[in-house]
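As written, the chain order gives the labels A, B and C, with residue 1 at the start of each chain.
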Amino acid sequence: MIVRELELDLDAFAGPFDLLLTLVLKDELDLRELDVAGIVVAFIERLAERDELDLEACGEFLVLISALLELKARGLFPEEAAELADLEPEAAAEELARRLAEYRRMKDAAAWLRERLESEGDRFFRLGPAPLAPKLETPLAPQEPERLAEVIRLLAKEPPQVSLAHMALRFPPVSQFLERFRSLLRRRSRFDFDQEVGELTRVEQAVAFLALLDMRRVGEITIDQAAPFAPIRISGTDVEREASWTVRSA
Amino acid sequence: MDSPLRLIASNPLDQLARTLEALLVVASAPLTVEELAEAADDEPERVEAALGLVRERYSEARSGIVLEHVAGGWAFRSSREAAEACARLFEKPAQRNLSQAALETLAIVAYLGPCSRPDIARIRGVAADSAVANLSERGLISEAGRDDASLGGAIRYRTTPLFERVFGLESLSQLPRLDDVGESADAIRDRLHEVAEKRSA
Amino acid sequence: MDSPLRLIASNPLDQLARTLEALLVVASAPLTVEELAEAADDEPERVEAALGLVRERYSEARSGIVLEHVAGGWAFRSSREAAEACARLFEKPAQRNLSQAALETLAIVAYLGPCSRPDIARIRGVAADSAVANLSERGLISEAGRDDASLGGAIRYRTTPLFERVFGLESLSQLPRLDDVGESADAIRDRLHEVAEKRSA
């Protein structure tokens, strides 16, 4: 079973899994619109159709789907990613699930509002005063000048460090890892994935892994793993395709 | 024997009902029973009863003017039957072309309000500035003070009575409860179980 | 013999009359026969005839809503009988508080001297258009030239003598000191810009 050929039929996307990955990596598909659970269900249904358990496919799928989930979580809660990383994995998962549920509820609420807008759209009412109504002039009661000073003090107050600056945080481009792995493979015939990315953050690792998948997809490398959780070994294929290669996703 | 017509005409609430009609046709926003009672200089209970008469007279199919209970008060609107004619003459600036981002922002403010732009960004995962500006301009949300202590004085927003009116809500409490999310998670789990059982069979 | 009730119900103009009622109750200005005919998608002659029905139904003593022919066309008004109640509805006590948006805008204009809407928006971190419009309408601020003196520059606003009266000041120099924020208008302006930039970063 080839994971990247897994056919998906989701609300936001229909087609093979590898196309979905490409679209996500090219920012042409909003991960937030993507029903990851639907992908999991599709994969498990596919597995169930077969008689034997395909361990390699399961492993590949797990890594891939966790990368997608992490990307999605980063997209949903960019400024909290760092703080989530400090939590124990179980607590972080719980917290993430809670926030995803909150976002999901708000999406449901937005859908309800849209339906309501349609069903109530044939009600018209006047905005503003009636044509022949008396003019309304409300005088203002005397005001305290001190309130003006208070308001300026409030506006001059230093904001704490919860700026939205984190939102500008970008994932490293996939192309960065493509270049790095290719240059590695020019020097050596194989390398150990964990050793290469061990120092990186989890998000960088996920992007690095996506780069690997993309390289494997076009036959540029082979990926070997002796056993689940064993080191992942990357070897270059003999085919010389450097010249014709163009960066597909970045 | 009195004719039914005579009966209506002699209803002691009839004059009050006419006064309410007059108030409602000039008002620029829905009026509460208390506001109506104060203006009509009458008892709230009698106003409630007279509103019943007005509501009966101004109802769908009977009249082009319809009395509705909306945004915490009472207001006249056009009948649904006349929607096409109204659409030819009047714009709907508050609700035309509301984007998905705007609707999600509106939902967050309606359910969690008052809340600030950082609050909204946190839930939606993207900056909310343009959606908030757009909704303010439409008059669907408005400023509700600043969140001075904790969030660097971020402005907080809440939905307006116009929001309730546009969406035909008597009050925010008419928004549906959103606890069906658990169901959809359960549904996924059930599907997985189903598949797992098939496998082991 | 048909009863009058029967006659009204079966009048072929009845539906058109209901449509006109709907249009008139939504309109914020008088509507001409041509406008009504276009919206109702019907002949002006039939609209005139249906207006007769509406006028009959909405007349003094019969209804609190009265159809009136004024210079610009047709419009609903409240009945004379309800004049006192309507006067009570519109006579409002003096407004106690300004909105946060209005207060902030006013404070910025008062302390920093003439500012444009972009200036105010930059400091507040949110568009100031409706607050500026509201304060102008109330006569608390007024236009004071343009930025850069060139024609393209944004209009600047300053506080008015009415502002000083409402806040009990003989002149702007009597505003409470803000030495903790800045010792001069320029220093206060710099400080506010600095914080605003951090807030929006």
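Keep this in mind: a contact is a pair of C-beta atoms (placed from the backbone, for glycine too) under 8 Å apart; a residue touches a chain by one contact, two chains touch by 3 or more.
Just so it is clear, the structure is predicted and the values come from calculations on it, not from any experiment.
*Asks:* Farthest chain from chain A, going by the mean of C-alpha atoms per chain?
*Replies:* C
*Asks:* Indicate, using Cα centroids, the chain positioned nearest the centre of all protein chains shown.
*Replies:* B
*Asks:* Where the CA atoms of chain A average out and where those of chain B average out, how many Å apart are those spots?
*Replies:* Each chain reduced to its C-alpha mean, chain A and chain B end up 35 Å apart.
*Asks:* If you average the Cα atoms of chain B and of chain C to get two centres, how far apart are those centres in Å?
*Replies:* 21
*Asks:* Using Cα averages as centroids, what's the distance between chain A and chain C in whole Å?
*Replies:* Roughly 44 Å separates the two chain centres.
*Asks:* At least two other chains touched by the same residue of chain A: list those residues.
*Replies:* 124-130, 132-134, 155, 157-159, 163-164
*Asks:* Multi-chain contacts only, two chains or more: what residues does chain B have there?
*Replies:* Within chain B, the residues that touch at least two other chains are 25-27, 76-78, 82, 86, 90, 146, 152-153.
*Asks:* Spell out the residues on chain A that touch chain B in their complex, using ranges where they run on.
*Replies:* 32, 37, 40-41, 44-45, 47-48, 75-80, 99, 101-110, 112-114, 116-117, 119-130, 132-134, 154-155, 157-160, 162-164, 167
*Asks:* List the residues on chain C that touch chain B in their complex, please.
*Replies:* Touching chain B from chain C are residues 5, 15, 17-23, 25-27, 31, 35, 38-41, 63-65, 76-79, 81-82, 84-86, 88-89, 99-101, 124-127, 130, 198-199.
*Asks:* Sort out for me which residues of chain A touch chain C in the complex.
*Replies:* So the residues of chain A in touch with chain C come to 124-134, 136, 138-149, 151-153, 155-159, 163-165.
*Asks:* Applying the document's contact rule, which stretches of chain C touch chain A when the two form their complex?
*Replies:* 22, 25-30, 68, 70, 75-78, 86-87, 90, 92, 94-96, 98, 100, 103-104, 106-108, 110-111, 123-124, 138, 140, 166-169, 174-178, 180-182, 188, 191-192, 195-196, 198-199, 201
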